[in-house]
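Letters A, B, C and D name the chains as they come in the text, with residue numbers starting at 1 for each one.
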Amino acid sequence: MTKKYPIGILGATGMVGQRFIQLLENHPWFQITWLAASDRSSGKLYGEAAKWRLDTPLPEQIAGMTVSPADPAGAPKIIFAALDAAFARELEPKFANAGCAVVSNSSAYRMAPNVPLVIPEINAAHLHLIEEQPSRRESGGYMVTNPNCSTIGLVMALKPIEERFGIERIMVTTMQAVSGAGYPGVPSMDILGNVVPYIGSEEEKMEAETLKLLGRLEGHAVTPLAARISAHCNRVAVEDGHTESVSIQLGNKLGRPVTHEDILAAWDEFRPLAGQELPSAPDLPVQWAPQQDRPQPRLDRNRGKGMAVTVGRLRPCNVLDWKFTVLSHNTIRGAAGAAILNAELLASLGKLEPVAATAAGA
Amino acid sequence: MTKKYPIGILGATGMVGQRFIQLLENHPWFQITWLAASDRSSGKLYGEAAKWRLDTPLPEQIAGMTVSPADPAGAPKIIFAALDAAFARELEPKFANAGCAVVSNSSAYRMAPNVPLVIPEINAAHLHLIEEQPSRRESGGYMVTNPNCSTIGLVMALKPIEERFGIERIMVTTMQAVSGAGYPGVPSMDILGNVVPYIGSEEEKMEAETLKLLGRLEGHAVTPLAARISAHCNRVAVEDGHTESVSIQLGNKLGRPVTHEDILAAWDEFRPLAGQELPSAPDLPVQWAPQQDRPQPRLDRNRGKGMAVTVGRLRPCNVLDWKFTVLSHNTIRGAAGAAILNAELLASLGKLEPVAATAAGA
Amino acid sequence: MTKKYPIGILGATGMVGQRFIQLLENHPWFQITWLAASDRSSGKLYGEAAKWRLDTPLPEQIAGMTVSPADPAGAPKIIFAALDAAFARELEPKFANAGCAVVSNSSAYRMAPNVPLVIPEINAAHLHLIEEQPSRRESGGYMVTNPNCSTIGLVMALKPIEERFGIERIMVTTMQAVSGAGYPGVPSMDILGNVVPYIGSEEEKMEAETLKLLGRLEGHAVTPLAARISAHCNRVAVEDGHTESVSIQLGNKLGRPVTHEDILAAWDEFRPLAGQELPSAPDLPVQWAPQQDRPQPRLDRNRGKGMAVTVGRLRPCNVLDWKFTVLSHNTIRGAAGAAILNAELLASLGKLEPVAATAAGA
Amino acid sequence: MTKKYPIGILGATGMVGQRFIQLLENHPWFQITWLAASDRSSGKLYGEAAKWRLDTPLPEQIAGMTVSPADPAGAPKIIFAALDAAFARELEPKFANAGCAVVSNSSAYRMAPNVPLVIPEINAAHLHLIEEQPSRRESGGYMVTNPNCSTIGLVMALKPIEERFGIERIMVTTMQAVSGAGYPGVPSMDILGNVVPYIGSEEEKMEAETLKLLGRLEGHAVTPLAARISAHCNRVAVEDGHTESVSIQLGNKLGRPVTHEDILAAWDEFRPLAGQELPSAPDLPVQWAPQQDRPQPRLDRNRGKGMAVTVGRLRPCNVLDWKFTVLSHNTIRGAAGAAILNAELLASLGKLEPVAATAAGA
C-alpha cells in the first residue's frame, strides 16, 4: 500500500485531536491532509491554534497546516471526529451526508440503532450497520463510533470471558485519569490530593455501551447482551490510564464450574485480529499481569503502544463469582487509537474504498 | 470530672501515635503521662525520637517527655495502642495481663472471639466481651479494639440501613489515602500519578470486620451478620480520607420497598450516642452531602472534627439495590479518634474505674 | 466592641471571596451583610451561585443570602474586594467614590502612587496615602490594597532584616500553590506530575511590590527601597502554600558583619503589632523552623491560623550573603487574611469610623 | 562494529540500575552479560530480585539472568556502577584495581583529583585524568564518573554560554523529581501536595561539580572555573525531570554586551559531538523552547530520548545579568544515560580496548 488514504480530523485542537495527530504521524495507511476546529481556531496555523499538550513534539508539517472551518467542502472523505457531543450531534451527520466516512470518538451517536459502536477485537460484525444509514445509500458516507474511554478497557476484559462462559452480572468501579476530561478539563483544585466520585453521564454510558458492544447483530439492529451492569465512576489524580475494579457473575456456557485457569486462558488466547495485520492492533490485546499489585496506570498503560489492556488480581468474589482489575490507556486505546483501529478495520474490509472512490470522482 | 485519667500511648512515634497526641491535646477526660515506642526510640525525648508529620505543632509538653520502653512497669493503667500487628500480638496481652485497659487500633486481636471490636455508634453492647477475657478476672485488664480504617466508614454508613431494612449483600471498592500506610509507608514513586490496586490483607480485614461489627452478641461471642460482602481495595494519591464506592442489596425488614427517602432518613436520624456526651462523638455521625459530586476527601474529611462520615450519590444499582459513596478520615475516625471514642465510651460505662482502682491500689 | 461593622464582599463567589467568608465567620469586629458577584450570579442565593471549595462548611446564614449586583447602591461602607484586575480597575474606584472604604486584594491599584499597598506588620505608616485620594475628600471613601500572594511571604521575611542590616540585592525563586490561580484556575493536566515555570505578570508584581512595601513614605508618595530584586516564579502541584528560595545581599546598617544569630534574632524579635490586639494578627508573625527540611507547605502553612510566615534553612550564600526558605499560606496571609488584617488596622486607627459615620448619615 | 562489548552493572536492582537495563536493551555497542547487586539479591534471578518500576517491560533475557555478588571475579571488564556512595567508595576502586573500566554514576569519587568527572559534550578532555590513576598502570582499570542529576542540566545550559561569554556568578534553584531519590526513596506523605526544601548534600554537590566540569585540565589536575555559584535544592511532586531556575552574571569574553540573540545562538550552535556518532548523543543537546511557559518536566523531559536538555524563558535579571529555566531528565541524561554516553565516548577514543584486551588475555 504505497498510496496513503488522505484523512481529516474534526476537533483537531483538543486533547483527543492531538492524540490523533501523534498516533497518525508515520502511519502506514493514513495521512493527515486536513484539520478542522472551532471558529475560534479556523484560519490560524495549527501550531498557533493548538496548545500542544503531549510529550512528543508537534510534527512540523502539522504545525504549519492551516486550520479549516468544520465544513465538508474541501474536506477529505475519511474523517476522524473528536468533537464534544453537542458539536458532534450536528456536524457528524453533515459530513456523512456529504459522503464522508466519519470515524468518531464522540458519544453523540454511539447508541443510535443504525450506527455501529465497534471495537475491532470485540464486534467487527456490527459494522454492517453502516448499510442501514440513509447517507450510505445517498452519498456513500456513514458514521462509525468507538466507545467511551472507560467502557473500552472493561469490554476488552469481559469479551473473552463472555464468549466462553457467559456473563450475567457486572459491577465496575472506575478510577479515571484527568486526560479523559480534555483540556482545560478538571481544575487542579478539584483533583490534587482528592477523588471526585462523579463524572457526568459516565455511568450511564458505560452501562449502555457495554451491553451494546457485547450484543449480537440481529437483522437490522443490535440486541444488547442480556446482563445486568452497574458502574461507579470516579476521577483520580492520574494523568493517563483508567483503572477499574470489576466483579462479575458468570453464565453457564461451559457446563462446569469456571476456574482461575479457565479465565487466564480465555484472556491469553484472545487474539481475534491475528493475521489481519492492522497496524495499530496489539499482538496480545488483553495482557495478564501476574504481580499482586498490578496493573497500575503509570507502569502498564503503554503496553502494546497504549493499545493493549492489562488485567490482574483475578480472585474469587464473595458476592458475584470473580473479581479483577483492568487498566487501559484512556486517550490511546480509549479514544484516538480506538478510532484509528476502527478505520484500519474499515480499510481492510474495503469500506473506505467506495468513499475514496466517491472522493476521487468528486 | 476535674481529675483526668492518666493514659499512655504504645507506638507513640508512628503516624497513628502522632494523631493520638494531637487529638488528646486538651482532651477533657484523658491526659498523656506516658509514651512508649520501639527500642530505637526508648530513652530519647519524644521531640527527638519522632518525626512529627502533622500540620499542628507538636505540643511542647509532649516534646519534652522521655520515651519509655514498651513495658507495663511504670505505665498507666489506660493504654492506647498504635502498634504494628506483629508487635501488638505480643505486647497488648502483656499490658492487659498487667491490669491495663488496652484500647487498641491494631489488627492483631480484632477477630479474636473474646475481644470486642467496637464502634460506639454501632455495637457498644459488644463491649461485654471484655468479661470473657482471662486477664479481666485476674488483673482487671482487658483489650478492646477498633476496626481497620477502611472498615469504619463503610460500617457507619451501613448500620442505619441494616437496622431498618436489613442488608444481604455488600460490594465495596475503596480508594484509600496514603496516610493509612503509616510513615514512610507508600513510596512516592508508587503513587504519584498512579493507582495501586492492592493493599496487603486489607480486603480480608474489611470483609471479616464488617460482619463482626454488624453482628449480634449472643452468649459469649458475636454472631456475624449473615450477609455476603466483597471488597476491592485500592491506594490513590490522597493524603488523608478514604473514599468508597458501595453497592448493597437490602433485606426485607421494612416489609415494603425501600425508597431513596427511607435511606436518607435512616442516615439522618442515626444518632445512637445522643445524650451521652462523649467528647469526641460528632453530633451527626453520618452526614449526607446533597451535591452530585460529593463526598470528596479534600473537602469532607474534616466534618465533625474528622469523626463524622459523609455519604452521597445515593442512587439505584442495576445489580444490587442501591449504590452510594462514603468517605471518612482514615487517621481520625479510622484510627486514633476511633480508639479515643472507644475509651470515652468505656469511661462513661465505668469500665475504666476498676482498672484505675487497681492502678491506684498497686 | 459589641456592635460589629457591617461589611460587604465584592467578588464573593471566587476562591478569595470564599476565604473572606470563611475567615469572617465569627469575626469579632466585622459582619458580612452584603455579597456581590458577577452578573451571572447576581440575584441567586449565595449557596447556589458559589461552588464552595473550602473544607469547612459554608455558613448557613451566608448560603441563604442573595447575591447583589456589584453596585454601591445598597452596599455597606466597608468593602472587601476580591476581583479580577480588570473588574477591579473599574469597580473599586466606583465604590470609593461612593464613600466606601475599599480594602482590596486585587492588583489593579497596588502600584498607584496615592494608593497604600500595606502589610500591617511592615508599613502601616503608608496608610496615610489614603488622604491623597480625591474620593477621600469628596465622599470619605478610599482604597487600600494588600500585595500579591507571592510578595507577602517574602516581604515578611525581609522586613526584620532590612530594618536592622539593610538589604541591597534580593533573588527569589517561588514554588507556588495552585489555589493562587483561583478556580477553575490551573488545569490538572498542566500540574499533575509537573512544574510550570511561568505565572503571568507575577515576577513583575513581586519585584515592584516588594520595593514599594519596604519603601519610605516621603511627603505625598512612597519612595521604594533602593535595592535590586529578581524573581523567578513557578507553579507546583501544591494546593495551598507558597514556598520561596531566597538569597539576599545585606547592607551595612549594623556596622559589623551580620551573623546567623543576628538574623534569627531579627526574625524572632519582630513583633511590630504587639499590644495592638488586632484579632487576625499572629503573636509571632515570622516563625523560625529549626529542622533542616522545613518549612514545608503541607506542614507549616497553617501556623498562626495561616497568618504567620515560616522561615528556615538560613545558611551562607556563595553569590550574595545569605540564603533561606520562606513559606506562607497564599489564600490566607497572602490574600483574604491580608485584607482582613488591613481592615482591622484601619479600624484600630479610626479610619473606618468616618466612613461608617458617612454611611450612618447617608 | 558487529561484536558488542560485554558489560556488567553494579547495583543493577535500583532505580538507576533499572534505567541502565532499559537504555542498554538493543544498544548497538554494549551488551549486558553480568548483573550484580547487594548480598540480599545475589544468587536470585534478576526478575525476582528487582522490583521493576519502569513503564517498559523488563527484557525477558535480563529477567532470567542470575544476580552475581558484587565481586570482580567473573565480571566483565566494563562496569556501569549505580551504587549508593557508601558502597561505591569501597567497590569501585576494587573493580578498577581488577582491571575494569568503571563508568560510575555515584558521587563517591567525582571530586577526587585523579578521577575524571565528565559530560562528553562539556569536557571530554578531562578523560586524560584516568592516566593519573594507579590502577590504570597496574591493571589497565580506571574510574570515570558523571555528575549528579541536578548538575548535568545546569552545566549543559551553562557551557555554551561560558565558552563564548564567560560566566562569573551562578544562582540556581532546583525543583527536583522524586525518582532522583531512588526507590523507595521519598515517602509519599512527604511529597503529595508538598515541597521539601532540602536534599542532603545536593547543594554542595551541584556547586562543586559545576565548577569542576567547567574547569580546565592543567597538567595533572582540573582547575575549577573561577566563578561563584550558589544552589537552592528542592524536591517537588514530579516523577521524572528536574526543573531549575537559573540566574547568571556573564564575563567579558565577547568584548561587547551580550544580547538575547547571542545566548540563543550559543545554545543552538552547541553541537560538540557532531560527527562522532555516539549512539546516545542527541543531535541537538541544548534545545530552546520558545513558549513562555516552558520547559515543563511532563512535556519536555523526553526530548532527544531523554538525553537533550531544554532551556526556556531567557530574560534579563535585575540582580545578575540573565535568567532562564532549564530542564533535564534526571534518570536518563542525569544518571544512566550520562554514564552510557561516557562509555560510548571512551569506546570511540579506544579507551575500552586495552581493558577489553586485558579481559581477553585473562
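Note that in this section a contact is a pair of C-beta atoms (placed from the backbone, for glycine too) under 8 Å apart; a residue touches a chain by one contact, two chains touch by 3 or more.
The structure displayed is predicted, hence computed values, not measured ones.
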item: Set of chains whose contacts include both subunit D and subunit C; value: A, B
item: Same vs different contact residues, subunit A with subunit D, by half of numbers used; value: same
item: Length of the line joining the C-alpha centres of subunit A and subunit D, rounded to whole Å; value: 40
item: Between subunit C and subunit A, distance of the C-alpha-averaged centres to the nearest whole Å; value: 48
item: Where subunit B touches two or more other chains, by residue; value: 53, 190, 192-193, 237-239, 298-299
item: Of subunit D, residues touching subunit A in the complex; value: 53-57, 192-193, 239, 298-303
item: Subunit D to subunit B touching residues, read off their complex; value: 15, 53, 178-179, 183-193, 237-239
item: For the subunit C and subunit D complex, residues of the former touching the latter; value: 169-171, 173, 175, 190, 192-198, 207, 228-230, 232, 234, 236-239, 243, 245, 247, 292-299, 312-313, 317-320, 323, 325
